[in-house]
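Next come two complexes built around chain A: one with chain B, the other with chain C.
Our next item is the complex of A and B:
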């Protein structure tokens, strides 16, 4: 069998599994028993001493479940556990059930490094799904490179990185930014932009790309650019400046708790996002709206690759399975969906490689396609995902209406020329 | 008596036992991954030692020791980062030869204050000198004006907050919230290998033991006794003709220097430095290590640091969701039941037996290292 055939077959098998959803699980489990008995010998699929036995394989989950980031990362943990559960019920990976070891990064970057080392050195996990902030990823990166592990990283981020040992499931900055700006210029006739951001690497780099795109490629104007410390809650002075300069678009990359204050103060200042003022954000997912309150952000546009309201059968099955497992009130944002892709992408790569060995899995990964809830994604040679970018408009109930999506998958370009 | 007169027999035994534990027992009992973790904990012990002198003896509670730990660590990290950012290693950047985070922030030349950190000698001096200079200025401003007690503690917290905001805000120069990551070699010697980790662990352990001896020496001198006197009756010391402020500045600088050595060793062993060690929370945590161990005991502080961190790692590995509660219970339990920490437990329950055993041996036993103020001792 050529690898091409292999891939297509796996691809369609995954699509089927995702489509049938939880209802078909018993059948899948029955089928899988046959597959498990036929699983290849451990010595053949694991030549580097990973935690693989004849019927199990161990992976790691490394997120913050305590500390300030817990609120953001919990969704990712839940999505990864759901994916692992579904994979196990449909027969596991190479006939082996996935066991996971969960570690807490505690919103503390050195702790992430410590726990990553523990997972790779002590537990010998076959892969790790984890990290959320860029800082935590930067902290564990040398660990993964040194011990040759695999990390599946779910968050949209600033790009400027490409490691052999990391797969980036979120969009890098250009994917998220350029399509969004092009859309708002075309549809809303925007001419002037006011850039806002929390003061750390992701918003700064993203706004740098946005500014270059606005000024050099669209030949339009940036009328202001400002940054606020993480956790800042005082936005009235910048809101006054916005009122004075009247930009066509407020381009906001504010993160975490600051969002709550920002959108509330915006509304209190009488800025009407529904009828008068365009606001485009790349940092507010459904998770954040829970804290902000739908009534404060209704009318804002968001550019990302996934919204919970996406209307396709795979997403419907995913949302249902997620709510059945984690409660009906659960909300699924962009990163949560991306985290869900991790175990599936790994499974496909392992089965294509026919081995758990890190090098073989990494080599097998580029080109793999997955029919995820967001639609088809494909792993690029640079370890990022080809994915569509979508524009959502916030509703008062905390969900987004998807009003636009790119026709084609957008190529990931972590080192964009002309944008640095 | 000889130069080690400040160490009586009981101190020596205590020190030997600790040395035996960290130099022989732990390396034999644990693999390199765990040993590296223990090495990391021991770097916090440097801070705890400083706090024993500063807070336990002199009564100056600093809630900003993370600042000095961080400054030492950052100095080391800057040197290592420059070495890791050779033009060959950073070819893909817009400006090769500068640290990667500077490149992301559109900085095109190495900032002036980074340049001296190309030199290892300068770096080693700076690790001590920078924090000491900072503490000296703070101390001069505070103690000469007789700011003390709670006010001093609050100001140290403010300094911790200021430095964090500065580091996070100036990310082009400092790496921001990500910190300085991906450190590789020290003068061409790969610090990430297992062998290097062993070597660094033993360097760290020896430095720590050396620091304990140094602290014990300081405590034993007249200076050490003035510190304790200052804690008990500052006015009397002042009226006796001593300039209290100078002694306070000294002990504050001394504690900062120790913390900085810990920070530098931390960077070497963990492979990066980030502002999460500089802020208020880690600074308070460092005080807790000292409190759990017993703020009047040098050895207690080291054991306390080891215990708290070992518990932290164990709880968080076994109960990823609940471990913080377990830690909270531990702190509350220790402080409620044993206000003098581990050293207090040792003094009330174990020491009497040890005394009896020692009495059976020839020679006299003097006051222990665990004692707050070494009493006068026949020479």
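Our next item is the complex of A and C:
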């Protein structure tokens, strides 16, 4: 079998649904009933006692919906529920409707581990879509490895990890960083960089990779590198330093509430991102701009794999379906789109394996291609995704204009040589 | 520092001095409300940050109301918003004092737990009302951007705004506490509650309004911080540590101490941030504070009271 056989026609399925409109619901139910009758026997597809019956399969959703991380993780939950809903309407997985059990990690890492154990041991879920911060992923990792579960993890992250039991749907650091830096050097003639970040593992590791790439591969100059405690709201001093050193590019990996303070103060200090100063970030998605305010960040460049404004039919259908389900005001950032891919990737792997058994699903995964809203992605042997990297420029209305994308899919490389 | 002209270095120095002064104003503004509550009443109010965020949300609501119904007055909505923030946070403060704090005056540690619980409660209330995501508060155009003192010196307008606001509020608090009859009663209650009651001061009423005014000032601070920081359900947590730091370091019962400590910490932090990095500056500032508190456990300024 080639991977081509498993490329899903997600887009046509969605379009068909839109065309048929409300009439699609009974039809889909009918289809799934037919498919269910045709589905393989439970004993054949589930040899390890997972929560699979003749017509349902249960999965888990594990995100924070309370606490500080709820800001970020809400979008992922919404995307995963949308994907599950769409899969069910198009006939389910191996003839079985997906049911989900949602647990709340409550922005607390031990709670994540405890809830992961509950999902795997008590509920026997076939797979879990969840986690957001690296800290929560690290907390659940031993649980997934011990009980042999599958986790689909949506966030772009620092790399330096690879587990048999995890599929990483977000970009690892080199995918996001290197293409972005190459672009800004080529297009803007940048020679000097000022690296900023919040003080924890992801910005530090990412800036380390960025510095190595700038100094060793591009032979250019880093004129400053600084970190701020999470939640820091005072950036006037560093803005003065930036004014003194006049870097061609401010490379910012600031997260959370600090983001808002940083961009507001940057604007207040008279730094003009539209005409004068280049700023490249990998941490501000459309979600974050809601809090920052489009007028404060207009002109900044972001390097990610997905922007809501991407112009292709699959994405348009996805954005419409998302807004129909969760409200017209909702915005979709990079991670939200990645979370949406999780249930689809799992469905393809299960169908390729012809089984819900964890080992078979994992073995079947590498090579699977999905026509996602961001375009085609492919699962690498290292469980990360081949994906394109794009550059967006922030508009005043909180969306990005996509101004560049890599010609080819960028290979994921969680343990980059020469960058550590 | 080679390769820079004296003019450039001079401008940076001037801008850096302003950055320090702005940080100073921010610290004073966030600590004033707490200085009144903690300093005068001895209540450890862990929900102080949430009272600030209530003010920020009021500003958010005002900006929406004005842009929808009174677009002509949009450029001055912020002043109205600050008054609304004061009233909202103050009213909530009065309610909390009446329903919760007054039962706990003799149990300071329980107040700490109760207000901590209150802060969690308020966070979830904001989350349910305004959503888990941060909200963007739009500002009128004249408040954004910077003003050029010279070709190379740019001063953020919102920074100047915060400085002036801080000055006015500090002055108001000073007049209220040290020059008004009510302030006299507050100080009397602080120094000796039993005796104050014996000479006919309604101590319960004094307590209630002191707490209310402290919370109201927190609301104004929160409203002002929408210019520089984020507005979200948990954003109040970002301020609480710095706030307590300033008040405790200054000596809990002294207004002058609060101001002096805010000045010391802000100058130290912003100077070190310039020469070191953000995180290191914070660490060193905290270390210095710990060191000084070990030598002077009562803080910088101590009110001499016979007990």
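What we mean here is this: the second predicted complex is superposed on the first by the 388 of 420 C-alpha atoms of A that agree within 3 Å, B and C clash if a C-alpha of one lies under 4 Å from a C-alpha of the other, contacts with A are read in each partner's own complex, and residues count from 1 in each chain.
Going forward, contacts are C-beta pairs under 8 Å (C-beta built on N, C-alpha and C of every residue); 3 or more make two chains touch, one makes a residue touch a chain.
As the structure is a prediction and not an experimental result, all values here were calculated from the model.
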Combined model on chain A where chain B meets chain C, clash or fit: fit
Touched partner set for A:378, first chain B, second chain C, both or neither: neither
Which superposed partner A:229 touches (first chain B, second chain C, both, neither): both
For chain A as apex, the angle formed with chain B and chain C - C-alpha centres, to the nearest 10 degrees: 50
First, second, both or neither for A:191, with chain B first and chain C second: neither
Touched partner set for A:99, first chain B, second chain C, both or neither: neither
Touched partner set for A:66, first chain B, second chain C, both or neither: both
Touching partner for A:146 - first (chain B), second (chain C), both, neither: first
Partner chain(s) touched by A:268 [first = chain B, second = chain C, both, neither]: second
Touched partner set for A:89, first chain B, second chain C, both or neither: neither
Chain B versus chain C as contact partner of A:244, first or second or both or neither: second
Where chain B and chain C come nearest after superposition, their Cα distance in Å: 5
Residues of chain A contacting chain B in one complex and chain C in the other: 65-66, 199, 229
Residue numbers on chain A that touch chain C, as the complex places them: 65-68, 70-71, 74, 199, 225-229, 231-234, 236-241, 243-244, 256-261, 264-265, 267-270, 287, 289-295
For the chain A and chain B complex, residues of the former touching the latter: 65-66, 102-104, 106, 108-111, 113-115, 117-118, 121-122, 133-135, 138-139, 141-142, 146, 158, 160, 199-201, 204-205, 208, 229-230, 415, 420
Chain A-touching residues of chain B, taken from the complex the two chains share: 31, 33, 36-37, 40, 92, 94, 100-101, 104-106, 165, 168-169, 171, 176-179, 181-184, 192, 270-272, 274, 276-277, 313, 316-317, 320-321, 323-324
Sites on chain C touched by chain A in the complex: 4, 8-9, 12, 15-16, 18-19, 22-23, 26, 124, 127, 132-138, 144-146, 148, 154, 156-159, 225, 227-235, 237-239, 269-270, 273-274, 277-279, 281-282
